[in-house]
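Naming follows writing order (A, B, C, D, E and F), and every chain is counted from residue 1.
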Amino acid sequence: MRALLLRDLRLAIRAGGGFGLGLAFFLILATLVPLGVGPQPDRLAPIAPGILWLGALLACLLSLDRLFALDAEDGSLDLIATAPLPLEAVCTTKALAHWITTGLPLTLAAPALSLLLFLPVQALPWLTLSLLIGTPALSWIGTFGAALTVGLKRGSLLLSLLVLPLYIPTLVFGAEITRRGAEGLSTATPLALLGAITLGSIAALPFAAAAALRINLR
Amino acid sequence: MRALLLRDLRLAIRAGGGFGLGLAFFLILATLVPLGVGPQPDRLAPIAPGILWLGALLACLLSLDRLFALDAEDGSLDLIATAPLPLEAVCTTKALAHWITTGLPLTLAAPALSLLLFLPVQALPWLTLSLLIGTPALSWIGTFGAALTVGLKRGSLLLSLLVLPLYIPTLVFGAEITRRGAEGLSTATPLALLGAITLGSIAALPFAAAAALRINLR
Amino acid sequence: MSIWEYANPRRFMAWTAKVQPWAWGIAAALCGPGLIWGFFFTPEDFRMGHSVKIIYIHVPSAFIAINAWFMMLVTSLIWLIRRHHVSALAARAAAPIGLVMTVVALLTGAIWGKPMWGTYWEWDPRLTSFLILGLFYLGYIALWEAIEDPDQAADLTAILCLVGTVFAVMSRYAAQFWSQGLHQGASLSLDAEENVADVFWFPLVVTLAGFVALFIALVLMRTRTEIRRRRLHAISLKARLA
Amino acid sequence: METTLPLTVQGLGCRRGQSLVLRDVSFSVTPGHALILRGPNGAGKTTLLRTLAGLTPSQGGTISLPFDAIAYGAHADGLKLQLTVRENLSFWASAFGSGTSGVEQATATFDLAPLLDRRAADLSAGQRRRAGLARMVLTDRPVWLLDEPTVSLDTQRVDAFAATMRAHLAAGGIALLATHIDLGLDAKTLDIAQFAAATRAPTDPVTDPFAEAVE
Amino acid sequence: METTLPLTVQGLGCRRGQSLVLRDVSFSVTPGHALILRGPNGAGKTTLLRTLAGLTPSQGGTISLPFDAIAYGAHADGLKLQLTVRENLSFWASAFGSGTSGVEQATATFDLAPLLDRRAADLSAGQRRRAGLARMVLTDRPVWLLDEPTVSLDTQRVDAFAATMRAHLAAGGIALLATHIDLGLDAKTLDIAQFAAATRAPTDPVTDPFAEAVE
Amino acid sequence: MTWLGQYAFDILLAYGLSLLLIVGLIARSVMVSRAMRRKLEDAGE
C-alpha cells in the first residue's frame, strides 16, 4: 500500500506538477470570477465562500479522470488487480494520493486566495477548517466515480456528470460553514454533518469503487 | 478533412455522448452555483452573466484534454502527421469538431439555464449571441493549448493552467455583452471586440497549434 | 413455484402480455376522468384561483418521479443479489419515465410559481432537491448508454443507483438546511388539518392512482422492449461470431 | 515460491466481452514443466490466460490452484512511463513483498543494470519488454502465465529469456506461454483451437436467459 | 503509387529525445527491393524509421525522397478502439485519398472481411495488427517503413504478409523493415549497429552551441 | 377561456407542456416497442 501511495505521489510530481497544478487552477478560478462577475467588493464578498468551495470542487474533478484511466491504458491496472493487494485498499490508497496532491494543497492555499474575493478575515479559519474536513470526501467520492468510468475512453465528461451531483451535499455544508463563519453564526451543525459525510465516504465508498473496478476489468 | 471531422464526431458520440455531456456539465454548474452561493435572487442575478460564461468556459476546458491526447496514445497522431493532410487543417478540423460537440449545444441550452440564475429576460438574446460568437474562440484557443500539452501524461491540469489565461479576453467581453444587454446598454463595442478575437483565433491559432504539434511529435 | 420464476424473461413476457392491456385500461380509466374532473369541475381556490388545477399534474408527476427512483433502487438490489436480468432491465426501463416525470413536475411547478410566487424559479429546497434528482436520472441514463456490455452496464448502474440514493437523500437534507422554502408542506398527509379541501382532494387521488397505473403500464411495456432488445442482441452476437 | 501441486484445469469455459470463446478447456501441468499455448490469431490464448489469472470470471469448470499462486504477464507491460526502471521494479517488488533483493535478482536476470535510472518512456520497445518481464521474477509466484513474452526481443535476449524460464522450472515452477514463435524451450504444446466454442455466443441457457426465444 | 527513384540516405544523423543514436547512416534501396534493418534492442531501428518518416528532424545528412512518398507503420497500430474496423479503414482511405476501392483491396489482402463490423477494441492482438497493416495498403505510397510488422501474427498470417510485401515490391515499391525474426523475404539486411553514435550526446558544436566551454 | 380566470395562460401552458411530454413519452415507448418487435420478427422469431 505504501508503495502504491508513493508511486502515485511520485507520478503526480513527475508528470508535470500534481501539487502545483491543482493550486494553479484554483488561483485562475479565483482570478476569473472577478473578471466575469465584476470587481465590486460588495458583490464579491457574499459569493466568496461558495466560489472558493466550487473552485476546490472543480479542481478536484479535473484531476480525477485519469486516476485509474492511466493505469488501465498501460495495463498496470490488470497487473495490480492480480497482485496481492485487495482492491479496496488500492482504491483507498488512490483516493488518499489524490487528496494529498489536490485537496491538501487547496486547503493550505485557500486563505491566501480568499483575499482576492474579499472574504471577511474572520471567515478564514472556518474556510480552512471546512476544506480540511470536506476535501477528503471529494477525493473519495471522485475515486468511486473514476472507478465507474474507467473502461470508457473520453469518460471525463461522463465522470463529471456522475460525480458532481454526488458532490452537492459536501459543497452545501462546506460553503455554509464558511458563510456562517463569515457572519459569526454557529457552525456546529454543518461541521458535524460535513464530518459525517467525509467519514461515511471514507468508510463505505472504497468498497463500491472496488466493486465497480472488478466489473470494469472483466 | 471531412473524414477527420466525421471520425471525431463519431468518436464523440460513440464514446458515450459527446453532445449531451458538455451540456450536462453546464446544467450541473448552473445548479451548483446557487448551492454554493446561496439562493437569493438579488445575489444571483448580478453574477449570472459571469457565471454562465464561466460555465461555458469550463465545459469547453473539460473536454479539451483528450482532443489530441487520445490520438497520441494510440499512435494515430504519428500516422496522421505522416498522412497527406496539412497539420494546420487537422487542427482546424479538430477545433471545429470540438465546437460542434460543446460550444454549439452550450449556446443553444444557455437561455434555458440562465433562468436558474435569474438572468433578466431581456439579456437572453445577448447571452445567446455572445456565446455564438465567442465559443468558437474557446474551441480554437483550446485546440492550441491541447496541442502544446499533448506529449504529457496527466496534462489536463497543465492544460487548464495554460488555456484559462488565454480565455480571459473572451470571457471578459462575453460577460460584458451579456451584462450590458441585461442593463439595456449599448453592446456594439464588446461585440466587435469579441468578433475580432474569434476571427483572429480561427485565422491564426491553427498555425500555432500545428507548430506545437510538430514539436511535440519529435 | 417460487415467485422469482416470474422474472424469467420468457415467463415475464408471457404474464406481462396478459397484464399489460389491463394496466393501460386502468390508467386510461383513471387519468382521463381524473384530469377532466380536475380541470373542468373543480371550483376556484380562495387563494390560488383556478391555478390550483395545475395540482392534478404537478403532484402525481412529482410522486411518480420520486417513487420511480425507489423502484429502480429495489430492482437494482434484486439484480445485484439474485441476478435476475429482467430486474435490471426494469430499472433501465423506469429511468426515462422518472426523468420525464421529474421534468413535468419541474415545469408545472415553475409555471405555477409565476402566478403564486411571482417568479418561475426559486431556489426552494423542495425544488432544488428535485432538480438534483433530475441530475441523478441523467447520470444514471448516461451511464447505461455509455457501456456496451449489457451485464456490465447493469452492474455498474446498479451500484450507481445504490450510492446515488444515499447521496440524493443527503442532498435533500442539505438543501433544507441551506434555505427555508416557499413550497407547500405535505398536504396529502393523513393528518386532516393540513389537507386540502375535499373538492380538490378527490380528483387528485383519482389522478394519482391513474399516474401510478400509467407508470406500471409504461414500465411493463418498456421492460418488454428491453427484453426484446437483449434477445436481439443475443441473436446478433450469435450471428456475428458464428 | 513453491508448489507441489500441479495446475489442473477441468472443463473451463472462457468468455471475452460478451462471447464464449473457449469451452471445456482441460489440461494439467505438473511442477517443473511448461506448457506452450498455440493457436491462430483470435483463437483465445489471451482469453484463457486472463481467465486463469482471475481477471475474467470463468464460465463453469474448475482451476486447481488459487489465483494468488499465479503471476500474469500481459501483452502490455504495465510500466509507468514517467518513472525510472528502478522505480517501476521497486513498486512491483513491494506490491508482491519481495523487497530489494527481488529487484536485484530481476535486474541481473534481464541485464537491466545500465537502464535502471532511465525513464521507461526513454526505452526502446525491446528494452521495455525486458523491464516488463523482470516483473515476473519479482512476483516470486510459482505459476507464470505469459502472453507472447518475446515480442520485440532480439535473438540474444530470447535466449536469455529461455534460460530464465528453465531456471524457473528447475526451481519447481510452472509456466504457461502463449506464443507464435519458437522459444527453444523443451515443453509440450497445447493447441487451443480444439477448445473453440462451437457457436461463439454464450448460448448456454443457464448463463444467459436470453439465449432462448423469449416469446 | 510509383517511384522510379531509389531511396538513398547519405550521412544521416538520427536523434531520439536528447541523444544522438545513429550517425552517418548511409544506404540505398532501389525500387522493387526491400531492406531489412537488424540490430539488437535499442540499436536505433525505430529511431531511424521515425527520422525517415519525417517525424523527428534529422541531424545532418540527406534523404533522397520527399516525406510524402513514405508510409510509416509504427509499433502502435493507430486504431481507434471505439470505431469498427471498417470505419477505421475508411478514415485512413479518405485521408490518403484512396477511396472505397482502397478499403476493399486492403480488406481482401489481410483477410479482414469477417472483422469489418467489429469494434477494434474487440479484436485480439494479432487481429489488431492485421487491421493496422491493412492501412499500409491503403496509403498507396511507394515506400513502406515498417517497425516489427509481424508482432503477434500467427505463422499463416506471417506468410500472407510476406506475400503482400512481395506484391508491393513487384509493383515497383520500396520497403524498409525493422524486425528480429525471419520474415521469409528475399531481401538484403542492414545491421544498424555499425552506425551507433560513438558518444551518445549530440556534441557537434554546429547543432549544440553549448557543446563548447562558455567562459 | 374566461372561466379559467386570470391564470388561464399559466394553466393551459402547464397542461399543454405536461401532456406533450407525457404523451411524447408514451408515443416513443410504443414506437420503440413496435420497432423492436418487428426487428425480432425479422430476425426469425
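Here is the rule we use: a contact is a pair of C-beta atoms (placed from the backbone, for glycine too) under 8 Å apart; a residue touches a chain by one contact, two chains touch by 3 or more.
Values in this document were obtained by computation on a predicted structure and should not be read as measured data.
Undergrad: What's the fewest number of moves from subunit C to subunit F, given that each move must go to a chain touching the current one?
TA: When the steps are counted carefully, the minimum from subunit C to subunit F is 1.
Undergrad: Which pairing of chains gives the most C-beta pairs in contact?
TA: Of all chain pairs, the one joined by the most C-beta contacts is A-B.
Undergrad: Rounding to the nearest 5 degrees, give the angle of the rotation that lays the CA atoms of subunit A over those of subunit B.
TA: With C-alpha atoms aligned, the rotation comes to 180 degrees.
Undergrad: What is the distance, in whole Å, between the centres of subunit B and subunit C, each centre taken as the mean of its C-alpha atoms?
TA: 35
Undergrad: So the centre of each chain is just the mean of its C-alpha atoms; given that, what is the distance between subunit D and subunit F in Å?
TA: 55
Undergrad: Provide the C-alpha centroid distance between subunit A and subunit F, rounded to the nearest whole angstrom.
TA: 41
Undergrad: So, what's the distance in Å between the C-alpha centres of subunit B and subunit A?
TA: 23
Undergrad: Of all the residues in subunit A, which ones touch at least 2 other chains?
TA: Residue numbers touching two or more other chains: 11, 15, 152-153, 155, 158, 161, 164-165, 168, 172, 218.
Undergrad: By residue number and range, which residues of subunit C touch two or more other chains?
TA: 132, 135, 138-139, 142, 146-147, 149, 174-175, 178, 228, 231
Undergrad: Counting only residues that touch at least two other chains, what does the list for subunit E look like?
TA: Expected reply: 75, 81-82.
Undergrad: Tell me, which parts of subunit E touch subunit B in their complex?
TA: 53-57, 67-68, 70-72, 74-83, 87, 90-92, 94-97, 135, 139
Undergrad: Can you list the subunit B residues touching subunit E in their complex?
TA: 2-4, 6-7, 10-11, 14-15, 74-76, 78-85, 217-218
Undergrad: Once bound in the complex, which stretches of subunit C touch subunit D?
TA: 8-10, 13-14, 85, 149-151, 227-228, 230-231, 233-234, 237-238, 241-242
Undergrad: Which subunit F residues qualify as touching subunit C in the complex?
TA: Residue positions touching the partner: 3-8, 10-11, 13-15, 17-18, 21-22, 24-26, 29-30, 32-33, 36-37, 39-40, 43-45.
Undergrad: In the complex formed with subunit A, which residues of subunit C make contact?
TA: Contact set of subunit C toward subunit A: 132, 135-136, 138-139, 142-143, 146-147, 149, 152, 155-156, 159-160, 162-164, 167-168, 170-171, 173-175, 177-178.
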